[in-house]
Amino acid sequence: MPIDNRGLTDAGIAGYLESLSNWGRWGSADQLGALNYITAEMRKTAAHLVRHGEVVAISLPLPTDPGPGNPRPVQHYMITTGEGVDAAYAMDHVGVSCHGMAISHVDALCHVFHGGKMYNGFPASEVKSDGAHKNAIQGACDRIVGRGVLLDIPPVRDREWLEAGEAIYIEDLETAERRQLVRVGEGDILLIRTGRHRAARASGAGGSGSMVGGLSGPHASVLPWLHERKVAALGGDGINEVMPSGFAEFQLPIHTVAIVGMGIHLMDNNDLEALAGTCAARGQYEFLFALASLNLERGTGSPATGLAIL
Amino acid sequence: MPIDNRGLTDAGIAGYLESLSNWGRWGSADQLGALNYITAEMRKTAAHLVRHGEVVAISLPLPTDPGPGNPRPVQHYMITTGEGVDAAYAMDHVGVSCHGMAISHVDALCHVFHGGKMYNGFPASEVKSDGAHKNAIQGACDRIVGRGVLLDIPPVRDREWLEAGEAIYIEDLETAERRQLVRVGEGDILLIRTGRHRAARASGAGGSGSMVGGLSGPHASVLPWLHERKVAALGGDGINEVMPSGFAEFQLPIHTVAIVGMGIHLMDNNDLEALAGTCAARGQYEFLFALASLNLERGTGSPATGLAIL
Amino acid sequence: MPIDNRGLTDAGIAGYLESLSNWGRWGSADQLGALNYITAEMRKTAAHLVRHGEVVAISLPLPTDPGPGNPRPVQHYMITTGEGVDAAYAMDHVGVSCHGMAISHVDALCHVFHGGKMYNGFPASEVKSDGAHKNAIQGACDRIVGRGVLLDIPPVRDREWLEAGEAIYIEDLETAERRQLVRVGEGDILLIRTGRHRAARASGAGGSGSMVGGLSGPHASVLPWLHERKVAALGGDGINEVMPSGFAEFQLPIHTVAIVGMGIHLMDNNDLEALAGTCAARGQYEFLFALASLNLERGTGSPATGLAIL
Amino acid sequence: MPIDNRGLTDAGIAGYLESLSNWGRWGSADQLGALNYITAEMRKTAAHLVRHGEVVAISLPLPTDPGPGNPRPVQHYMITTGEGVDAAYAMDHVGVSCHGMAISHVDALCHVFHGGKMYNGFPASEVKSDGAHKNAIQGACDRIVGRGVLLDIPPVRDREWLEAGEAIYIEDLETAERRQLVRVGEGDILLIRTGRHRAARASGAGGSGSMVGGLSGPHASVLPWLHERKVAALGGDGINEVMPSGFAEFQLPIHTVAIVGMGIHLMDNNDLEALAGTCAARGQYEFLFALASLNLERGTGSPATGLAIL
């Protein structure tokens, strides 16, 4: 079944790159993008949302086996073990190429280019063989802290999960808001659940699930809504957009427009099952959210464990 | 100048392994150790400590150059860059062997052995060539969240930093408590500053500093105090103990007793300069602290960016 | 179709470990195994076999994509490229875990264990988390040089390739000898072609081919023949034995008996198509063969490009 | 003591790039450079030089510890060991960034650029983030086979080794030729010994030696001689040129002129001590030489163990 693009075209997406652009909004030197929406006051308010002291991590286990969407398996090698007679220490090595579809990670604003440019107009050529000289993940390593809001979409459609290739539209997001008695606003770190990992587990496919047939996620037509609501960062259990996108030119339109145009850090491939359960049980879909990346100078992203505290 | 061991001997440290032991305290299956001290209520209280909404990261940049204490440089390789004409995405690889003396990381409870055992009596042989089957870091990836307390030691001695090999004793910690109007208590995540990185920068030695001549840090005689105060986790700007230790058998006595005996996760090689400055300016040495490790199944530790929110 | 084991049983294979054993044959400290068969005189004779000065490499390209039999893709990352304006040097990183079924490599005599022992009775525990303290590949890095003989089996059966799971028996080897006018003898480096990669290319499956349904290769019943002929090293285009083996206990009986018992280095997953073509064209199936491993202290094997010079 | 440049200037070296150029010599598509000098007949003749059947490897052990000239230590991690009760196989991972000064490796013709070009005029930009699309090492993996000649320079000066920074001139090479009764000619693979590793061992500095103060090696003024003699490949125990070079612009003039201009593959950091001993004992300085690189598509070089057979 082809995706319903609601009249949006490649030309329309190209238009978003103009109409939704945040280039220059926080100055010509800015490398943080929409994270600038988050104020200290918002962080303080978010911290005071904590009513129970419960912490829910949203990362998947780092996948060491190859598979669909995991062409570069995580390397985990032991340097020393406890098996020797006089073993005193155990040490290991972990190697991660984070931008697959099976690894919980955050995309830096240098991860995507369009027309030879990245967010805020920096030339793509600033990302060289020694790493990103602009928009690297390092600058954001302590900035994805604020009010988190989970919008849980499968219940909107009275289902346990959305199917691969199933798109989420603005009305789904707003229905979830009404159903959950929450409203996404300026500076929020928005998490959108599709139920991907519940589906994967139900099918016995393991934590990361099959990507055959695509992934569920937001449709490109939500981009103006994200802009209007002034979302600071966007996370999900898939890659934060429906796949395939149904567009010929913009195969990953949200990656292009949100990252390049709007300066929104995307947090891909998180496991939102436990968080959705906790939110439902507490009747509380807002929380303090913190995702600290590795302190990787010139990095294009980082594996990370996001924490919801509520 | 040899270290003043205050009468403590190798035999005394061996005795700590008995007298300060937390084996069995939280059940024979426990793999979290002193993190069990932290209750949901404590976390809630810690969140409400946030008065300003300021976030301070305490990680050092991941070091890609070899050097003293960094025998396994972090690997950062680009998979794709923005230099090509049609570049659409940038991706990279990061490889980390975290247990050096230049990398901000957390030690899992499987990192250290004594007498063929690790924390809670699990055999060291459970750490095999495929990783740690007990006490791995994964279980703690969302548990190092609670009240953080910084004890800033150089001001206690009217100095900017402690020298390499200079030991911190109980009276230093307690003087800092009085000076800072804070008291370390049950479930606290304690951070102890020696000023290592301020010294390194003053000497032009870069962020990680020289380890020639050793490192400043707590003396093994503080172990009973950590036990009595029921500290949940311990972090520092060095490796959380003075080096060299001055003991013949226990070359890293705090690593051995705190990790193996007491089940305390250690957070090594953090940069506490910015945090100390903020705490001093705010007159506030307690805060919400969160350190999320990578979700590394069977890992012996993890590079991590700890966040203080105050 | 189940494999015809010609009456050989697991017990029979266990018996080979006794009857074909070379433990102690070259002294209790020996770590070279059957490579000892090769004398300097044999090497000189082999060099004088060179009639045309033609060199044929037998390695597959190192596979960077995951796939069947390649769970740990080779890592090839650029450190510097030529894309920058002032580029002066290009450098890269290659990471290889060689013992997959898609990588041309040589197995060291420490690669396989049986009953807690490796070749020449060394305890398996000598292969520790810092590598192999006995039977490492380093010692053989300059020893796999001598007379190479190719036995090309598909022509024996009037076919272009053998099918996955199809076994090669003694009579196939001897028929090939008669057909090719060559006789495998003491100190020879024997290469056996199944046509695996020709089949893979014909099916469009790429160089390493599919391993679904197994691999063609020698049947365990050839082991006494290899022993009697005093073969020094064994190579092939598969893994040097038919898969599945058809045995319950010994799933890779040739790996176990040849490596552990007989001390034969195996050279797996080579591309013998070009060599077979050259040999057929020249009417010459013997040549000087040289395979130099990486100089990897304590290594369990090595990726390598074997060279036939004829 | 500053190096004696014999009147050669940066301008003179720039001139070599013109006067000694082999661009186009073997066609505009050629990617093998001076290896084209080697004919099949030469290889056959070289094979027949083998009189004793002795094999001497010239690689250093791959260095896993950082040190001067080894900023990217080789990674050697075990995947499985023999320490577990039921251990059946041992496997490991090796990661190599070969272009340091402590790793025996061969430089591909894409390793060095000058003026935005590499050998045969291909643009440097053909070396992209996915590797070298021209002049990669793969094409040469079976081509460095032919007559090897060792020129042993320290005896020319009645010494055991040359000092760091000590340059080798044409007259040294020719004196060695006369002394050794050998003449370097068309298609030869030339190895030049400085005694670097003997010096390192004498000083207790280990196999790779200290690079403090530089390295001994050929002076840039030997380039016309290499051209005239039609050397096919050049190897040494250092990096095949004296360091520091004494030139302001061309810091590694032989790397630039020999690789970019002349298309000569360089084989750096080999251990020529054993070979020199064997050659002296045999009174034979010519031999069959074979160096097979890894079959690394788009690679800039390869670690390798060169073999001299004599």
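Letters A, B, C and D mark the chains as written, and numbering starts fresh at 1 in each.
In the analysis below, contacts are C-beta pairs under 8 Å (C-beta built on N, C-alpha and C of every residue); 3 or more make two chains touch, one makes a residue touch a chain.
All values derive from a computational prediction rather than experimental measurement.
A.B. asks: In contact with subunit A and with subunit B at once: which chains are those? Just list them.
C.D. replies: C, D
A.B. asks: Copies subunit C and subunit D touch; is their interface built from the same residue numbers (over half shared) or different ones?
C.D. replies: Interface between subunit C and subunit D is built from largely the same residues.
A.B. asks: Just give me the whole-number Å value for how far the CA centre of subunit B lies from that of subunit D.
C.D. replies: Distance between chain centres: 46 Å.
A.B. asks: Please work out the Cα centroid separation of subunit C and subunit D, and write it as a whole number of Å.
C.D. replies: One centre to the other, that is 29 Å.
A.B. asks: Residue numbers in subunit A touching 2 or more other chains?
C.D. replies: 72, 75, 78-79, 81, 83-84, 93, 95, 128-130
A.B. asks: Which of the residues in subunit A end up touching subunit D in this complex?
C.D. replies: My answer: residues 75, 77-79, 81, 83-84, 93, 129.
A.B. asks: Quick one: in the complex, what on subunit D touches subunit C?
C.D. replies: Going by the criterion above, the answer is residues 39-48, 50-57, 59-62, 72, 75-76, 78-79, 81-83, 87-99, 104, 110-114, 116, 118, 123-132, 138, 141-143, 145, 288, 290-307, 309.
A.B. asks: Spell out the residues on subunit D that touch subunit B in their complex, using ranges where they run on.
C.D. replies: It is residues 65-67, 70-73, 75, 78-81, 83-84, 95, 128-130 of subunit D that touch subunit B.
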